[in-house]
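A, B, C and D label the chains in the order they appear, each numbered from 1.
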Amino acid sequence: MKDTGILLINCPDQKGLVAAIADFLFRHNGNILHADQHQDGTLNLFLTRVEWDLRDFDLSLENFDAAFSPIAQRFSMEWRLTCSGPRPRIAVFVSRHDHCLADLLYRQKSGELHGEIVLIISNHPDTRWLAEFYQIPFHHFPIAPDTKALTEKAQLGLLKSHGVDLVVLARYMQILSGDFIREYPRRIINIHHSFLPAFHGAKPYHRAFERGVKLIGATSHYVTETLDDGPIIEQDVIRISHRDNLEDLVQKGADLEKMVLSRAVKWHIQNRVLVYANKTVVFD
Amino acid sequence: MKDTGILLINCPDQKGLVAAIADFLFRHNGNILHADQHQDGTLNLFLTRVEWDLRDFDLSLENFDAAFSPIAQRFSMEWRLTCSGPRPRIAVFVSRHDHCLADLLYRQKSGELHGEIVLIISNHPDTRWLAEFYQIPFHHFPIAPDTKALTEKAQLGLLKSHGVDLVVLARYMQILSGDFIREYPRRIINIHHSFLPAFHGAKPYHRAFERGVKLIGATSHYVTETLDDGPIIEQDVIRISHRDNLEDLVQKGADLEKMVLSRAVKWHIQNRVLVYANKTVVFD
Amino acid sequence: MKDTGILLINCPDQKGLVAAIADFLFRHNGNILHADQHQDGTLNLFLTRVEWDLRDFDLSLENFDAAFSPIAQRFSMEWRLTCSGPRPRIAVFVSRHDHCLADLLYRQKSGELHGEIVLIISNHPDTRWLAEFYQIPFHHFPIAPDTKALTEKAQLGLLKSHGVDLVVLARYMQILSGDFIREYPRRIINIHHSFLPAFHGAKPYHRAFERGVKLIGATSHYVTETLDDGPIIEQDVIRISHRDNLEDLVQKGADLEKMVLSRAVKWHIQNRVLVYANKTVVFD
Amino acid sequence: MKDTGILLINCPDQKGLVAAIADFLFRHNGNILHADQHQDGTLNLFLTRVEWDLRDFDLSLENFDAAFSPIAQRFSMEWRLTCSGPRPRIAVFVSRHDHCLADLLYRQKSGELHGEIVLIISNHPDTRWLAEFYQIPFHHFPIAPDTKALTEKAQLGLLKSHGVDLVVLARYMQILSGDFIREYPRRIINIHHSFLPAFHGAKPYHRAFERGVKLIGATSHYVTETLDDGPIIEQDVIRISHRDNLEDLVQKGADLEKMVLSRAVKWHIQNRVLVYANKTVVFD
């Protein structure tokens, strides 16, 4: 895999944007590997992701800011620079259902996920076996209403001490407080077991079964302070029939959840996801 | 196509049901072509659809009721007998978007839809060209709030005089009254341009676009007095991306709507749809 | 889960078949839970799967044969009786790619797969870690052309001594001999990483990439003596685009392979698969 | 819809390409609306599509060639300039199955297809009713082996006299000669009723039915001199089951064919399709 720099940019649309960015990279001897841009015509926004080879690039990432700032200011850009090298450090929160956790752990071990799961936190002890097998620190925090604030504080302490960049809620059935969420803006990814916005909140499979829908879904999104309302990163669905009882829905849904969550995490790690207006652009 | 009899049955589950039905048909020399049964374990219900060849069947459909009643009573069956021969007479209601109407008309003409569209009713004159091409009576009823009751009465009159068996709302953007709906229970099929229950009500594509979902859907359901809440017959979805603007959603959605509505209408005509507990079993 | 009996039947179509079977079960006090039947009109075949509750059933499975034989003979049935109780014993063969093996092991441990993986056989040592973690006997058989016959003999010995009912080739990149296959007719399930019959044989992802297809697939089938030509149990596909390079195809395909193979194995274990005319009916 | 210019470029990958193109358009006061680029790492190729607003663009399309040529030569580009304004003139060839023709005609009339169907050619008279309804010239050419060359010559004459830009084979069951194909390179689009490369050639639904596949497909591709082997533009599939007989396959397939062909035609018209190495990049 090449060592690359990645720019995610969001600004008012205007002439010369592509030329200015491409010219800047070219002047510093950067070979563009991928460049994708998108206009949101309704909001008159220009959104782009540019990825270039860092070999031969004559600007160090420390000096990038100073060099790029004039362009960013001229076009009133919101921008973010990352590079493909470092593997983000991930904490996974989980409750009893372990299929998403097991899936993420396997994908990391197999090399598919370019990140490092450094911490597993659960309100139940059930998934400790997986943590032990993959030799990852496991912390069990039983939940009680009156200790929730304290628990979250302890959890945040662990995240800091492990240098966590990304929090993944892999079927974690607790609601995080606003205080917690604000510590990791756009860096907490959840999997919800329905095709949002249908069946947000509790027991989506039960409600899907009762409503008699013909497809069930799963949705991965960034967590915001409004439950199940954050920017959607990925969704998918699978067909069900009257032959499927509630247990079948849960089982079919589990396969969906694994795929949808792992795609969202992968894309986040690859810096493909740009958030604006409570939506995402996933540059593919 | 064979001339067949079709029984749709719904009753409490108990031993001997399949044997009783199969034995009854066998004694009258009926060869079962399809038999599908389903248990709803939650509600302890037995639901079945049996289709048999009417050739050699020694019971006329007029006498069927008397002969079958003892079995029906013994097992407390709700049951319905139909046969494949007669082509149901269909009225299509439409507003301005004509893609579903055009699709149904083409499918009828090509022989795919075993029904006869005998009437087109619209609150706009825009689709008259299609009616004329396919030589089907077209009635234009402009809608005004204070004449709605009168209009519906006139429409019902037309349905009666044309002997209509099934009403299809092919993107008809008016809400029918309870009085109207009660005249055609489980015989009014609507297409809603979202993946219900997400985005029920008005402007679903706009709301899907704003929410940033990654798939859009269409849902065909029987109309009940609660808006967009009737038993779902069929649903499907298609993937969208940030590259799709609102107009693209509308166009991709149109293809979905055509397929989903035409499947629902076809299955209804083939007597494959059994409604219970505000859900459907679609025997395939 | 209920203790059930399952009959899979295949015979020339004729009147009275459903009645005869249902009546037989009813007379022995069996409550039918599922009954699905299918006609192949081209071949004039009747194919059915009936599942009934063994509680209260007054016939022991040892005596079933004698009691049912007169019916079977009258209708010239090919039939097979199984019951839901015993968990089939499974051997998994694997080469280097371990995603399907890891997936099957996890599904067994989570209770989704109603079978027992009792043996893992590989021509490489790479997957030993998984076997050790799940505490399943692992046997490494390096492959050399001149010892193939001997190796297969040793493998067959292991299968016998472990009482194996089902062999799953979970990306096993060796071709089994006819002698081996004939020992487990319709009991060896393979996963092929293409949408068969497209790209049968070697390197399907490479060939899909070169041909520029827009979807890639995976196929699970019973192994027969003609390579990649056995009865297909399940297939699925996923969309790719020009942005996907060969490595992306392999990764997307891996997710497909896991799902397709695990469905096929699950359905086989549930006695849902009836083979005839080199095809399958999967009763769902 | 905006009036836009579109460049499709294919050249060896090298530094400065994006900058050179973007800078050229910027210097001529063009606002880039979409720019997508792709690298084929295996072949070391750079492939791009750039679309810009022609309003305020200070270069006329007549002068574009001279102005852009130095850049094109520097980077050894194969390139093609088109603009969104003119509606391509389309000839549709069809045999007896009229679903794709009817679909294309409806999409054109509804404004979805930004092209003009100016000519319908068939080896059967069956679809004349559609041509008459949409008031499009219809030419019937019965096919006989010994007059094939003459017939094709007459057909080519019609294409020329109607100024046809694009030929669509909408289930045209005749094989065009190499001489014919060479007159419209990469401008003849076919729909094949299978998931190519599976079931190329005759009777794909029959063969899919016999092989017992679990999904059927449709493929739209540019016609080349090797049958069913041209660059694939779009494919899709639909699930079938043992309950579907051959007739059901044909009907389900017809819906696929319509969607797949209409997408391919739409993308071709929007100049989204770049062909290289017998594959396509479809810029979306």
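Heads up, the rule we're going with is that a contact is a pair of C-beta atoms (placed from the backbone, for glycine too) under 8 Å apart; a residue touches a chain by one contact, two chains touch by 3 or more.
Computed from a predicted model, the values in this text were never measured in an experiment.
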item: Farthest chain (mean CA position) relative to chain C; value: D
item: Pair with more cross-chain C-beta pairs in contact, given C-D and B-C; value: C-D
item: Whole-Å separation of chain centres (CA-atom averages), chain B against chain C; value: 37
item: Centre distance in Å when chain C and chain D are each reduced to the mean of their C-alpha atoms; value: 41
item: For chain C, residues that touch 2 or more chains besides their own; value: 38, 241, 243, 284
item: Contact footprint of chain C on chain A as seen in their complex; value: 98-99, 102, 106, 110, 112, 133, 241, 243, 251, 255, 259, 284
item: Residues of chain C defined as touching chain B within the complex; value: 13-19, 22-23, 25-26, 29-39, 239
item: Interfacial residue positions of chain A with respect to chain B in the complex; value: 38, 40-42, 47, 195-199, 211-215, 217, 231-232, 234-237, 241-243, 245-246, 277-282, 284
